[in-house]
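Before anything else, here is the set of structures, which you'll find just below.
Each of the next two complexes has chain A plus one more chain, namely chain B in the first and chain C in the second.
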Partner chain A sequence: MDLNINILGNVEGTKQILKLTGEIDAYTAPKLKEALLPLVKKDGELVIVDLENVSYMDSTGLGVFISALKATKEHNSELRLVSLQDRVERLFEITGLNSIINIDSTVQGGN
Partner chain B sequence: MELNKFDFNNYRDLLDRYILKQDESALYQAEQFTKLSMQNNILPEEFINIHIQALKELYPDLPKEICASLNFLLETMISYGLAYQEFQTLREKQGELESEISVAASMQQTLLSTTKPEISGLDIGAISVPANRMNGDYHHFVKDESNNLGIAIADVIGKGIPAALAMSMIKYALDSFPESQLSPSVILENLNRVVERNVDTNMFITMFYGFFDSKNSVLQYASAGHEPGFYYCAKEDKFIEIKAKGLVLGVTPDAIYEQFELKLEKDDIVILLTDGVTECRIGERFIESEEVLHVIRQYIHLPAQEAVEKVFKYFERIQDFHLRDDFTLIFLKKEV
Partner chain C sequence: MESFDFIEMKVPAKAEYVGVVRLSTSGIANRMGFSYEEIEDLKVAISEAMSNATTHAYDEKDGGEVTVGFGLYPDRLEVMVADRGGSFDLNKIKADIGPYQNNQSIEDLREGGFGLFLIEALMDKVEIKNDYGVIVLMTKYLRENEVDINDDQISTTQ
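Let's turn to the complex of A and B:
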């Protein structure tokens, strides 16, 4: 199964929305990393990742988000994950990452 | 490498037989001949050259147009020959890599091997099977002089060789902590600092650490983002998820791990696992944890080692004997 990444930037150029569709695993994680990391490395950027259409993510996907989180600390940017499906959210809970990554499952991506 | 005269004559005769009689058996023998030629590293253009020479011997008056066309064919085959040589070289290289990986895998096994200790009053079963050759799961037992058991179960995220190398680091860090009186939360906090300093940003480790106090039959434990295990309470015949929230190792240097306690009674079982068990898929469908427990329930009356092996066999079978992830399962069964 593949992963599609749509990047929607806003007019001011300080907010980026990544809309993901598909599965994040060892095969698709590099693609996500390639798209996500340059965005969080822009100073002061707010990067929202919409996971509404991600049905499966394994721990390699978590690794990508951890890298991104570390990058936000260096570049004073912000990472926010929205609209997680239950199975994906459980992964963030078990690993305790929901305590350090900004996650909002109730928010619809882009609003 | 050149064909010898005998082989050349053999090819010529086969060709002759085929041209005259369209003989099937000549075709079959030609196929055998090709295989032999490949073993002797005969390149495609050399083979065409043999064909041309044989044809010229059989038909000395071959029209010059046919001769020219065959020479033309020979030239065009040279690139195929080069590609074939490259393929041969890669195949040899792959063989070398394979054997290096085998050496690394067996070295990993030696470095990370743990012996299941004998703890009176506790029946221990453990199985760990890698999906590929290198195992990203790890488990480790330590027994102290007072018949207490320390047990670690971990999963390195990031697979393959880097994961295996990170495992060795964990093992040596664990070994370097003094044995006396280390509580699970302190062990995880120390390990977290080691991992945070030493691994790449997109790699991290989940670990459950338990310490079984034999005298009081109490399991103290803490978890660093590890897949929750289960506690089987024999008296109520019920499985309860072992909840112990904590951040995975290696993300922030100052993570704190809360420690919990569980009192074990006769026939109670502590079930520890990695996500290779709970993330098991059949086709597109995931196995839910109720289903995992349903399988485990069928074998809990067995001795612990036999039980973990039976559970593994079951999951191996439903995944068509092809594990997607490393699989580790441990039972600690309280006997008296």
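Let's turn to the complex of A and C:
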């Protein structure tokens, strides 16, 4: 019941990859926010969040991604979520957030 | 009187215990024969109620605790999440919940705005009482493969 955050550094000058492993809930969401927000607040940065190994997420996680999305508008940066498990992607669909957050699940559906 | 098994847990109103209640929920729902998908729905719904309760109780000065009650009936699971924090304006909160609409501006999105909406989307019946503290009572029925027309579930099968 924890979340590991691995920042894979500045891959191509303006690209950051955040690889998450574990569960995103009320306990771990603040930790994610702390790691993600400084990245999307860099002007022009592309931030890719890899959720392949996130087995659980609830609205606290949605809240972090909403904050990050707001920050991208202010800093002309970009947020992209990739490799979501079906259950996690479903939350974005139910809430309609998949229409405003850039989600690329085609890489791998995974379980 | 309908017979049922009852399980009660009391946990400190702290975020680190949301996961503990989630694991217990998973175990109880599994024991009752809920499907994998339904168990995942229950885990999210109960965690949302727990998150609300911990945030809510956290605002109060006395650390506080959250009481979770599971009623295991032959055809359904009833889960009650109760905190002893102050009451809130339920009508205002209910008016605020709902999915994202395309005409909404991103700036208007509230970070914490989807918790109650998800509880209502994922459970069959939800009642909220806030006379003394806040009590969320949620029900999910055992379906045994029948498909409900009013089912809130969205299939993500590809």
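As a convention for this text, the second predicted complex is superposed on the first by the 105 of 111 C-alpha atoms of A that agree within 3 Å, B and C clash if a C-alpha of one lies under 4 Å from a C-alpha of the other, contacts with A are read in each partner's own complex, and residues count from 1 in each chain.
FYI, contacts are C-beta pairs under 8 Å (C-beta built on N, C-alpha and C of every residue); 3 or more make two chains touch, one makes a residue touch a chain.
Owing to the predicted nature of the structure, the values given are computational and were not obtained by experimental measurement.
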item	value
Room on chain A for both chain B and chain C (clash or fit)	clash
Partner chain(s) touched by A:Tyr27 [first = chain B, second = chain C, both, neither]	second
First, second, both or neither for A:Leu97, with chain B first and chain C second	both
Touching partner for A:Glu89 - first (chain B), second (chain C), both, neither	second
Comparison of chain B and chain C by chain A residues contacted	C
Which superposed partner A:Ser67 touches (first chain B, second chain C, both, neither)	both
Overlapping contact positions on chain A, where the chain C interface meets the chain B interface	26, 58-60, 62-64, 66-67, 69-70, 87, 93-97, 99-100
For the chain A and chain C complex, residues of the former touching the latter	1, 23, 25-27, 56, 58-60, 62-64, 66-67, 69-70, 73, 86-87, 89-91, 93-97, 99-100, 109
Touching residues (chain side chain B, partner chain A) in the complex	155, 157-159, 201-204, 206, 224-228, 245-248, 251-252, 275, 279, 286, 325
Chain B partner contacts - residues on chain A that touch it in the complex	26, 33, 58-60, 62-64, 66-67, 69-70, 87, 93-97, 99-100
Interface residues, chain C side, partner chain A - complex	15-16, 18-20, 22-23, 40, 43-44, 47-48, 50-51, 54-55, 99-102, 106-107, 109-115, 117-118, 121-122, 152, 154, 156, 158
